[in-house]
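Note that chain A is present in both complexes that follow, paired respectively with chain B and with chain C.
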Partner chain A sequence: MAADNSTTAMQTDSRDWADRWRHINKILDRRGPFCDNSFREGYENTLLPQCKVLVIGAGGLGCEILKNLALSGFKDIHVIDMDTIDVSNLNRQFLFRPSDVGRPKAIVAAEFVKNRVAGVVVTPYHGKIQDKDDDYYKQFQIVICGLDSVEARRWMNATIVNLSQELGEAIPIIDGGTEGFKGQARVIIPTVTSCYECSLDMLNKPTTFPICTIANTPRLPEHCIEWAYVLEWPKVFKNEKLDTDDPKHIQWVFEAALERARQFKIAGITYSLTQGVVKNIIPAIASTNAIIAAACCNEAFKIATTSAPYLDNYMMYTGNEGVYTYTFQHQKKPDCPVCGENSVNVDVNKNWTVEEFIEWLKEKPDAQLKKPSLMTADNKKIYLQAPPILERSTRPNLEKKLSSLIEDGDTIIVTDSTLPFSLQLVVSLI
Partner chain B sequence: MEWRTLSFYRFKSIPEKDLSQLREKMLSDFGNMNIVGRIYIATEGVNAQMSCPKENIGWLREYCDNILDLGNVDFNFATEHAKAFGALHVRIRKQIVADGLESGSYDITKQPNHLTPEEWHQALSSKPQLVIDMRNHYESEIGYFEGAICPDVDTFRESVKVMEEVCEGKQDQEVYMYCTGGIRCSKAGAMLLSAGFKSVNVLKGGITAYGRLWAATGQAALESSNVCLVNGNATGIGFFTVVDGRLVTGADIGNNFFLTLEALGQPRAAKVTEYLQELNEDVKGSFLVEDPINLIETSPDYFLQFSLVIATELPEKPLLRLAEILWDSAVPLVVVRSTGFIGYFRILKPEHTIVETHPENIVDLRLDKPIPGLEAYAQTFDFEGMDNMDHGHIPYVVILIKYLNQWKKEHNGELPKGTQERNLFKEAILSGKRNSDEENFDEAIASIWKACTPTQVPSKVQVILNDLLCDNITVESSNFWIIARAVREFVANEGLGLLPLSGRLPDMKAYTQSYVDLQNIYRQKARQDVAAVQARVDKILSSLGRSSDSISHEEIESFCKNAAFIEVIRYRSLQEEYINDPKKEDISRWIRDSEDSIAYYVLFRAIDRFYETFQRYPDGATLPDAGDDAGDGNDDEQSVFVYEFNPLRKIVTSLLEEWGIDDSGLDIDDYVHEVCRSGGSELPNMAALLGGLVSQEIIKLITHQYIPLNNSCIFDGIKASSRTYVL
Partner chain C sequence: MLKIWSIKKDNAQAEKKKPKVSAAQIRVQKDLTELELPSTMEMSFPDESDLLNFNLSIEPDEGFYKGGVFRFTFNINNNYPHEPPKVRGIQKIYHPNIDLDGNVCLNILREDWKPVLNLNSVIVGLQYLFLEPNAEDPLHKDAAEDLRTNRKSFEYNVKQSMRGRDVKGNYYDNVMAKN
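Coming up: the complex of A and B.
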């Protein structure tokens, strides 16, 4: 039934009506003083009619982005999202209605926009970004990310930057993110500007509590929640990893934390606090999403039309006290593992064991690794997290000193299942 | 497990012989989905209330659509989501809603008009004769629509009887009815229509559809707010009214996500209202198709009914007039404008007070003047006699108290002053640290500066407490000023020169027990302070002849907790900005900074003057190439340039001159050119961005939470940066 609808919509509405693009055409039909030299007057001389733009995420930001792109004259929009619609999304993800609950976000959003804006084709994919390969991604001229996860962003960034390097042609990434009243919009031109990986150390370090506080002297409700999911969960479910997206798991953590808080007479454990602590999330605000999504689409519009210079390259936004933006050029990191030189020099204490070295890697703010595996440049295994057979065979190395396995100046190749690339560390033992 | 609690119903004919099979099927299928709840099935349809595991909602949706064939039935989700039922029951009933009538005595397929909340509101505003509340008396007691007949009944059967009585012989009248979720009216409506009534209208989704989504304290304020949108295009509040005299154009549809071609030529006010409604069906809206400029002239008082007015696209004169009317009645006004990549908005309100400013850190430990019980408690810690484990868990508050006491004993009761003394004090604390792992001592050292800074009323707050409005408390005084006055008296008396305590204790290395003990000491003092302020508020209220519960305890408590961070913003009026007292010096300074955006402000002002002269806005400039003289076959461009750029540029010069700013040497031609080029166009992205910024500020203004903009903001979409100004 949905397919029928869209075809009739296409047939009757593909024609533009009088004045439809009056507002946009004022900008596109006339050269302005800040225009790039390559600007040519007229909609047909811009990239808009044939530009393929990919939107990653159809959530709070994604809904806004899809709407804005369609109204801005983009014709061929693709969207990827792996989630289905939950009733809690309805208050700000305005493309969804109560009757859509349970359906895939990407598909519902695409249909809504297609039916609303005549002549726009929105192609949804309900699944993971990792399902798609280079052949898929290279068809796009612009990629806009409206994501809430660091991991997904890193994966997208690395994939597009690598692809741009291979093609010898940059596919711009526009990345938007929000957290409460704060947000940012940035333009990444692979190989030219800094990339997402370059700015990893700008991320706020998630609040962590010392294990002994969690284990022995909880004082805040957060301590009880951490106890439940850091200490209790692995004890009770030895082989099952906690899945922060699984409501059953969160419910278990919530109940365990509640019980512990009761013992210690600590008040204030709620389900949403549990979710917040475990997933490390700050609730989204609709107006911040609108602002950041619009800023991202404004950049896409400028890139596709050259009607004004695009953002170079980072805008930070805060709205809890008046309106504040800080626009600056974020610097490329020369040793960025994604867009920079291939290897990074690191100083390592020569007395460290492999295990201590791994702990240090996990703490390193510009690496943000979860389960790193280590090999030498000539393929000797130092420690591998998977498959289990290799993990078992390399486990004894954990207690060995790193200096017994490599020489000063050797290169260690670090891989992590969450990363689409490897880190090459040139190790100085000191 | 995370649950979703929902209800749905559908009138549909089910053969009686199929019911028991359907029951078995539902029991097994819903059981497999882990659904619990109560489902009634009858020959007339299905009525279900259930809790469903969140991850199975998609499954349920498909099941209802494809297996039960309920025709895209609306799921009504509850606001609270917990497992609301113990088990799953599917019951076969004679009817899904018991009406006490013989089956077949009316035709259930004759369905009344289901009005959306907005249509409902619209309809009720004309005060129809027959509005019937189909709920039971205990439901209507909570609240009902004005003019509605509320039968004093306990069951739907009785409601039906009353309905029949009051409607008797009124077949030609319009009947309006509502209930909690809509199902009872579906039935009652069908009865009336079967009995020959011509027009029966019911509230779709019932009262529930009105009150979803909004929960928290600020949300309550939003819900009761009433916002007027002049010429506007987008926002979302509790109740809104759109005033616009124009008709929808092709350009409006091109720019507006919620308008389709069918809207072409219809009143813009009506269509905009409709789409805002679609965005959030719980928001109530109305519209007025009239030119706002006329309205401002002929019936300015019209605007005073609103809690906030947003104005876009108003020329200077009517804008000034509107601003003046609203200012005198303290109704906030937000002015919004955009052209091309440039956006501007300005907030106007005589006074805005904020208690919940949401500062990052409201900790107030008062170690220089320990609160009652704190010192005695600190003395229960025998530092020397403790083992290492205990010593490493002394709360840093206790550590600081101990060392400060020692210091004060040696320094005539004075706190450490200056860097040198503070360093000595730090040495003293360090000497008590047993090993490098003692984080509690590190925490103490990190707080030395705060501990050595005498606690006092912050100067910003002192200014507020000394305000004239705090001196002269009258029956007109707002709650804010009455509590502020009580706090001022508190500070002067039992507060001993200090504000009420916030009572918030930061986390610190400590055993659970000692942390809880400390927390109780602080909380107790905070409670005492609130009680003292409450007593003073009561006294003031009684002297004003107001009842003591006219200011809630929560409001006083919140004020006390946030006392050190309260804010009062006094905006400048548009009269001051435009006529009496323009910010000449500031503008002159800003405009010389090439990174600044103030030139666009000057241009928005200049555009208004242009409009006054030419009765249109500047539109269309393509600067000729520098070497490209006139007569080069480029006449069009040249003339456009002359007719748009030159006059606007001249207006800019004279405007600056009025402000005593010499514009020779100022590099503003490019700005003038860009504004001519954009020709007042509203780019969808800029509209969305501005809409986001403005709604954020409106929410702050209405909820009195967080600190709103004071007073103007320019967003430059070319540079992707914003600037704010006090103009």
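Coming up: the complex of A and C.
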């Protein structure tokens, strides 16, 4: 960006200087062979100055992502993280110092980047992604996920894909993940490319051991730890659920595992291994985080500037046997419950009973339904074919008018053995 | 700038606000409504508005455990089917693959779970445990040893335990079906 375009604050800031952005201006000041048609020369003409980018997670990947975005010309960065800083994070989460231990990651990371990189605004939120609603998420043009949990990713993916469908405009998601020396980066353009849910089947499963092994023939320290928290904890504490974030609980598991390991003459139980097994933490390697975060941020930069084609759509990085990367186009699942084209608008006579409605569904030649079960999107049962107990309790609904159970515009989730997944009917009562 | 990804759709659909329905919820609806429960099994819901938590009872019609009714709780979380359902026996029973706390040793409930499996697979697996208890994957060591070394004695002990009697110093729950 040209110096005369900087804000007053930036001109007076000793951390700003002429030519500070020369590295990105080389790419942005003239059209190159790979630029998109919509590309216009100059930093100001890209999305970078106004683009609101949301970073989910301020941990190992998140620290890298925040730093990279700030150093690539993004100005308006938001970050969400629910965790507080633990001593064990300091070896790789370089935005944090020993004095920050116990403070919220999002807040400390935002402060650090703001103080270090002139002209960048980082807005933190210390809390859960589920605390925020669609109005919050729709202000962003790009979402980057640096998460370590499948559940959080599924929620984020579903939220952004649904929102994109509603807005009629896709909010790209860039998802990074690492496991030891391995990692992946992918670009999800909602409804255009495959989404996170589409690829659920190909995820690595967390390592679990057969329960009979941990009960009878432990050989590894991990077996003893699993014995302590899977079998012993519920026996001793009955109804109290193990809280994996409570150090007292982890300490209890650690001591129980240690005692068990002593009986079986197994070495290697430590507090941190206990924490790792219970929380299913795969050791994070700083450099893998750096590689994956860099790949994610380059994609964000290309998407925001259209200066080069973005990743289409999945990059795997394998560093545990030499170095291997592989890029491929992960295919969209037509029956994906999140992005699949399984939503249909139907006009329904408002005088129909549920039974008449079901008969009509079965006769619809394009649907091919045999025994449809119906629930509303907010989880109210209309009629279920099985199991028998639910069939019996929903049977009285068959005689009721559909309009007494749903409102105009409501969505009905239909499942049927003839459907690969489900069908969502958006019902207009006429 | 990002308009290049504007999604083509008809306006009628764009106006409708799509409610959030979790993929786990839909999947549970699909799994439950396509269950083919044999006559030896029954399901019940402590709270019918919550499909993620239910009980299953199995009344085997053959094998060592014929005549008993065995109850399990199923607990499904929002990460289903990435994570398997949690299944636990409610009664204290004498079974090589189920311990006194109700933990069940069934490979597809843990190490061999895959998202393509479903509730039906789990239920079939559970049923199989009662028809063919397996001495090779012991969770209740005494029972497994008993089955391996002396099937007659095992059969006798199973019958005793099912009536709520003592087997080798342990009292079991009476699980006999009430006729």
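As a working rule, the second predicted complex is superposed on the first by the 322 of 430 C-alpha atoms of A that agree within 3 Å, B and C clash if a C-alpha of one lies under 4 Å from a C-alpha of the other, contacts with A are read in each partner's own complex, and residues count from 1 in each chain.
Simple rule for what comes next: a contact is a pair of C-beta atoms (placed from the backbone, for glycine too) under 8 Å apart; a residue touches a chain by one contact, two chains touch by 3 or more.
Here the structure is a predicted model, which is why all the values come from computation and not from measurement.
In the superposition on chain A, A:Ser417 makes contact with chain C only, not with chain B.
By the touch criterion stated above, A:Lys235 is placed in contact with chain C alone, chain B being left untouched. With both structures placed on the common chain, the touch criterion links A:Pro247 to chain B but leaves chain C unconnected. When the shared chain is aligned, chain C comes close enough to touch A:Thr191, but chain B does not. In the superposition on chain A, contact of A:Thr46 is made with chain C only, not with chain B. Look at A:Leu369: by the touch rule set out above, it reaches neither chain B nor chain C. Within the superposed three-chain model, A:Ile80 lies out of touch with both chain B and chain C [touch as defined at top].
On chain A, the surface touched by chain B in one complex and the surface touched by chain C in the other have residues 210 in common.
Every residue of chain A that touches chain C in the complex is listed here, in rising order: 36, 38, 46-47, 141, 150-151, 154-155, 158-159, 162, 164-166, 168-172, 189-192, 197, 200-201, 203, 205, 208-212, 215-216, 230-231, 234-235, 303-304, 306, 337-338, 343, 345, 373, 375, 377-381, 384-390, 393, 409-411, 413, 415-417, 419, 421-422, 424, 426.
In the complex of the two chains, the chain B residues touching chain A come out as 1-2, 4, 53-55, 57-62, 72-77, 81, 213, 236, 249-251, 253-258, 260-261, 264, 279-280, 340-341, 358, 393, 439, 507-512, 515-516, 619-623, 669-670, 673-674, 677-679, 681-686, 688-689, 691-693, 695-697, 699, 706-710, 713, 715, 717-722, 724.
Interface residues of chain C, counted against chain A in their complex, comprise 1-7, 9, 12-14, 16-23, 25-27, 29-30, 32-37, 42-45, 48-49, 51, 78-79, 81-82, 97, 99, 101, 103-105, 107, 109-111, 113-116, 137-139, 141.
Taken together, the chain A residues at the contact with chain B in this complex read 13, 17-24, 26-27, 30-34, 64, 67-68, 70-72, 84, 86-87, 91, 94, 98-99, 101-103, 116-118, 181, 185, 210, 213, 217-220, 247-248, 250-251, 264-266, 271, 285-291, 293-295, 297-299, 301-302, 308-309, 311, 315, 319-327.
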